[in-house]
Amino acid sequence: MNREELKAAITGKWPSAVWEEGNEWATLLGEPEPFPHMMTLLRQDPDLQMDYLFCMTCVDWKTHLTMVYHLRSMAHRHELTVKVKLDRTNPQIETVSHLWRTAEFHEREVYEMFGVRFLNHPDLRLLILPEGWEGKFPLRKDFEDPVNMIRL
Amino acid sequence: MWSFQQAAQQIHEWLSERMSAGWALALEMVLAGLMAIGLFAMLGLILVLMERKVSARMQVRLGPNRVGPKGMLQTAADTLKLLLKEGLTPDGADKWLFHAAPIMAIVVSMLLLAPIAFAMDFQLWDVNIGVLYVSAMSSLMVISILMAGWASNSKYSLLGAMRSGAQIVSYELSAGLSVLTVVTLTGSLQISEIIRSQADGWWIFKGHVPVWIAFVIFIIAITAETNRAPFDLAEAESELTAGFHTEYSGIKFALFFLAEYINVFVLCGIGATLFLGGPMPFHIGSWEGLNRIMDWIPSSVWFFGKTFLLIFVIMWFRWTFPRLRIDQLLNLEWKYLLPLGMVNVLLAALIAIKGWHF
Amino acid sequence: MYHETEILETRTDAEGHEWMTINVGPQHPATHGVLHLVITLDGETIVKVDPHLGYIHRSIEKMCESLSYRQFIYVTSRMDYLSAHINNHGCALCVEKGLQVEVPPRAQVIRVLMDELTRIASHELWWGAMAMDLGAFTPFFYAFREREMINDIMEETCGARLTMNYMVPGGVMHDIHPNFQRRVKEFLKDYKRKISEYDEVVTENIIFQNRMKGIGILSPEDAISYGCSGPVARGSGVHCDVRKHYPYEIYSSLQFDEVLESGGDCFARYLVRMREMKESVRIIEQLIDNIPEGDFQAKTKAVLKLPKGEFYSKVETARGEFGVYIVSDGGTTPYRIKFRSPGFSNLSVLDKLARGNKIGDLVAIMGTLDLVIPDIDR
Amino acid sequence: MGVIRYLRDIWRGAVSLARGMRRTLYYFLRPKEIITQQYPDNRLTLNLPERFKGEVVMPHNENNEHRCTGCQACELACPNGSLKVIYKYEITAEGKKKKAIDKLVYHLELCTMCNLCIEACPSDAIKMAQTFEHSVFDRSQLIKILNKPGSKIMEGVE
């Protein structure tokens, strides 16, 4: 499916879909509330079958955080970006690690780097950072490390 | 022609003239002990250097070549370094066992030297159960490894020691069975008897198929018994860092290291004695000229030559093969080598009874 | 979060078996770097593997936020240092996508040549190191002998052996060295002869085959779900070669096969990489005599500015799909950059594969996952 | 047949092992294949390619003149701040003030040999040298001043 067909197909199955324009791939904007259902649909619908979560990250926009999920269907070879805006002071979102097992590690990384709490994640611990880094989020824009920060 | 036997005889006579028989025996024992220790150190230096050179050549590199001419003194320098290194004892280790384990290892390998015939009629102790004695003593090695593994208070060491226990206990059977093949044909457990039985040809030549099979099994079994690759599961560098001697350092580590090489030497020496005639020269039936040339080479050269050939084969294994997994290692023994060895002993017995061997 | 007590304690399961917890790494011969695995053992059998990462975490993503689009490329060599070229290539592609620069055909061919040489070098090292993990030391030296020839070629053209920084937005930094074509041909001639030795020493070896076959079976569904890519996924029969399915540069016009094996076990992953080396040789052979004349670098402005937006590009490194996700706010530096490193996803499957196997198998599985720790930690 | 398969397995395994051993013996018997380089001994014959990136240097001609104008392009191009231009103003013969370098400080300990400064330099004043033995006992020795004392800019370089 090409981009427009994919958009039409998703809109058919998820009527409330909101699209962002101007990106390489079709970009679906999600809300934290119906997000789990949307992701389940994308993963399990036989026409969409987005079974490969090849990239998952978060962007700190200073006013809010945006979760970015890059999905691909290995069977149909189409790609989709899903974005979810999160509140910056108390970011939390449902986990997708039961749909894509790779998300387990990626969510742990986002959790420690951005402080996004993934609800119902099986094992939400620090993965990369050592003990004592809870509550500091290095990849947020306002993070300052007085010792190790390299400024140019 | 000069030989070890004559030299020993002369020393004995010289001593007997000067003192009572008791004192002469005591002095001879001290001399023999000193020579054993000297041989020990020499073998350690030579074998480590040999291993490094062999591996280097197989791995398209040069190996040690900086210390001394062509790197000859490299192992001496390494030994010096190990002597000067701090010996660490881990917290919570069973101190007594921890210190005793390397000494146990070295004592066992020293005991193993006793019945080896280094030249014709030149043995420290020609015990009438020589072969049995070697099998029995070499199984004691596992005790030092178990001691080291248990006393270190380290999980890696423990795993290595447990592996080693399972391994040595099972491979002892194969080694025993293949030794038994030759014993069946010879009819004696005494090493000097076995050597004498090969005066008209080594067992590998006149023993037919059973001896060949026994020889192959023996080589595999002693590789496993001495914990060398591809059976070095007790050390298994990439799995258990260093296995049972993970926590050892300095001279205690060196003792383990030395014991391993001496064991290799002794077991290869036994292999050379049983299958390749030990100090017996190589003879071909009626070629008198060749036989005389062969006789002219001293018997000690024959013995060491054969032993080092076997040691080279074992080193060759080590630098070619990947390591087995523990269950595969035991499978190999119990499913392949042991049945084969048992059938082989029956075959050897048949040949011995019928007198089919040469 | 892990605590010391948790690592050292001995646990007991419901049936009264005592479990032993053991630390593999961060300093361990088989982890090829500073990977820390806390494994729970039932005797020799692995019950659980829990990776603790971050021993070589440098926060490259954060660093890149303060580097310009020309500068940040060199940092990515330090991630997957074995396929440094391909990482740089991915970043250059992403910046070019934003700038909408057309890369001259000569530069494209040089880039692909370098990528494939890097892939061979990386697989060489993996082959040697994996054989060493399994206890065979000698193959390591044979592998490095050939790898050294590639490194010499790289050194001559790029000026460095490992972290070349040869890619720049719009092309490559220098033209190829005059000796390049001759030396690559010499290498290929030599290499084709030597690659049969690899089979003799390792692939055909019965001990090696027994260690690899049927160990760590990864089903295609799991491979996809765990986000595996590269030889790890292709060993399970998943079509995931970026060069084939999302071709970049001139890959669409090249003749090469996507190497697939169906077994999903360690041996399948091993064979994929061995055959991939041969495919890379095939690609190099097609290109080495057909390097078009022309510029090696497109004209770009001195100060690069990407338009506001998001750009994603992916390349096939030796370990799998490497993605670069740049969020630009229109300035001279990336607003946010995310590297989708193949090793991170491939590592996540380790626990699944290792459960129920022996410690010796863990080493084999880690070897065939081909983990490069800086790539995982970033 | 079970027995035949059992024996065939043993035979195949033995052959595969023997092939590996043949290969290692092949190399054991051929010392000519050894590729080891005797590094500190072969220093004199060591030939590094001219593009090898060892460290940044500033070539001077026989009159102790360099080509650096002090434009700071290298400083801007450097990703980790290993180059620092300290400049001064010189009065030329016509009485004009002209920017010139006082010192070009190079931090070798920060440098990653990425070659971006060389690419950025408009007057080809700096280049990569092929030296690679950089280890010193004191880190401060790695901070180098690239222009030689008393050197000045070459005629005609703008």
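By letter and in written order, the chains are A, B, C and D; residue numbering begins at 1 in each of them.
Everything below uses one rule, namely that contacts are C-beta pairs under 8 Å (C-beta built on N, C-alpha and C of every residue); 3 or more make two chains touch, one makes a residue touch a chain.
Given the structure is predicted, the values throughout are model-derived calculations rather than measurements.
**Student:** Shortest hop count from subunit B to subunit D along touching chains?
**Tutor:** Each step joins two touching chains, and the minimum needed here is 1.
**Student:** Give the chain pair, either A-C or C-D, that is connected by more C-beta contacts.
**Tutor:** A-C is joined by more C-beta pairs in contact.
**Student:** Which chain lies the greatest distance away from subunit A when centres are computed from Cα atoms alone?
**Tutor:** Measuring from the centre of subunit A, the most distant chain centre belongs to B.
**Student:** Using mean CA coordinates as chain centres, what's the subunit A-subunit C distance in Å?
**Tutor:** The separation of the two C-alpha centroids amounts to 24 Å.
**Student:** What whole-Å value do you get for the distance between subunit A and subunit D if each is reduced to the mean of its CA atoms?
**Tutor:** Chain centres of subunit A and subunit D, defined by C-alpha means, are spaced 41 Å apart.
**Student:** Subunit B to subunit C: how many Å between their CA centres?
**Tutor:** 45
**Student:** Please set out, as single numbers or ranges, the residues of subunit B touching at least two other chains.
**Tutor:** Correct list: 58-61, 319-321.
**Student:** Two or more other chains in contact with one residue: find those residues in subunit A.
**Tutor:** In subunit A, 150, 152 touch at least two other chains.
**Student:** Give the residues of subunit C that touch two or more other chains, as numbers and ranges in rising order.
**Tutor:** 67, 138, 145, 201-202, 205, 207 - these are the residues of subunit C that touch more than one other chain.
**Student:** Would you tell me which residues of subunit C are touching subunit D in their complex?
**Tutor:** It is residues 67-68, 70-72, 74-75, 138, 145, 148, 155-160, 163, 165, 168, 173-174, 177, 197, 200-202, 204-207, 209 of subunit C that touch subunit D.
**Student:** Can you check the complex and tell me which residues of subunit B touch subunit D?
**Tutor:** Residues 54, 57-62, 316-317, 319-321, 336.
**Student:** Taking the complex as given, what residues does subunit C use to touch subunit A?
**Tutor:** Interface residues on subunit C, with respect to subunit A: 1-3, 51-54, 57, 59, 61-63, 66-67, 97, 222, 224-227, 229, 238-240, 245, 309-312, 314, 321, 323, 325, 327, 335-336, 338, 340, 344-345, 347-348, 352, 377.
**Student:** Over in the complex, which subunit B residues touch subunit C? Could you list them?
**Tutor:** It comes out as residues 55, 58-61, 155-156, 159, 163, 229-230, 232-233, 236-241, 319-328.
**Student:** Enumerate the contact residues on subunit D facing subunit C in the complex.
**Tutor:** 12-13, 16-17, 19-20, 22-24, 35, 48-49, 51-53, 77-79, 112-116, 119, 128
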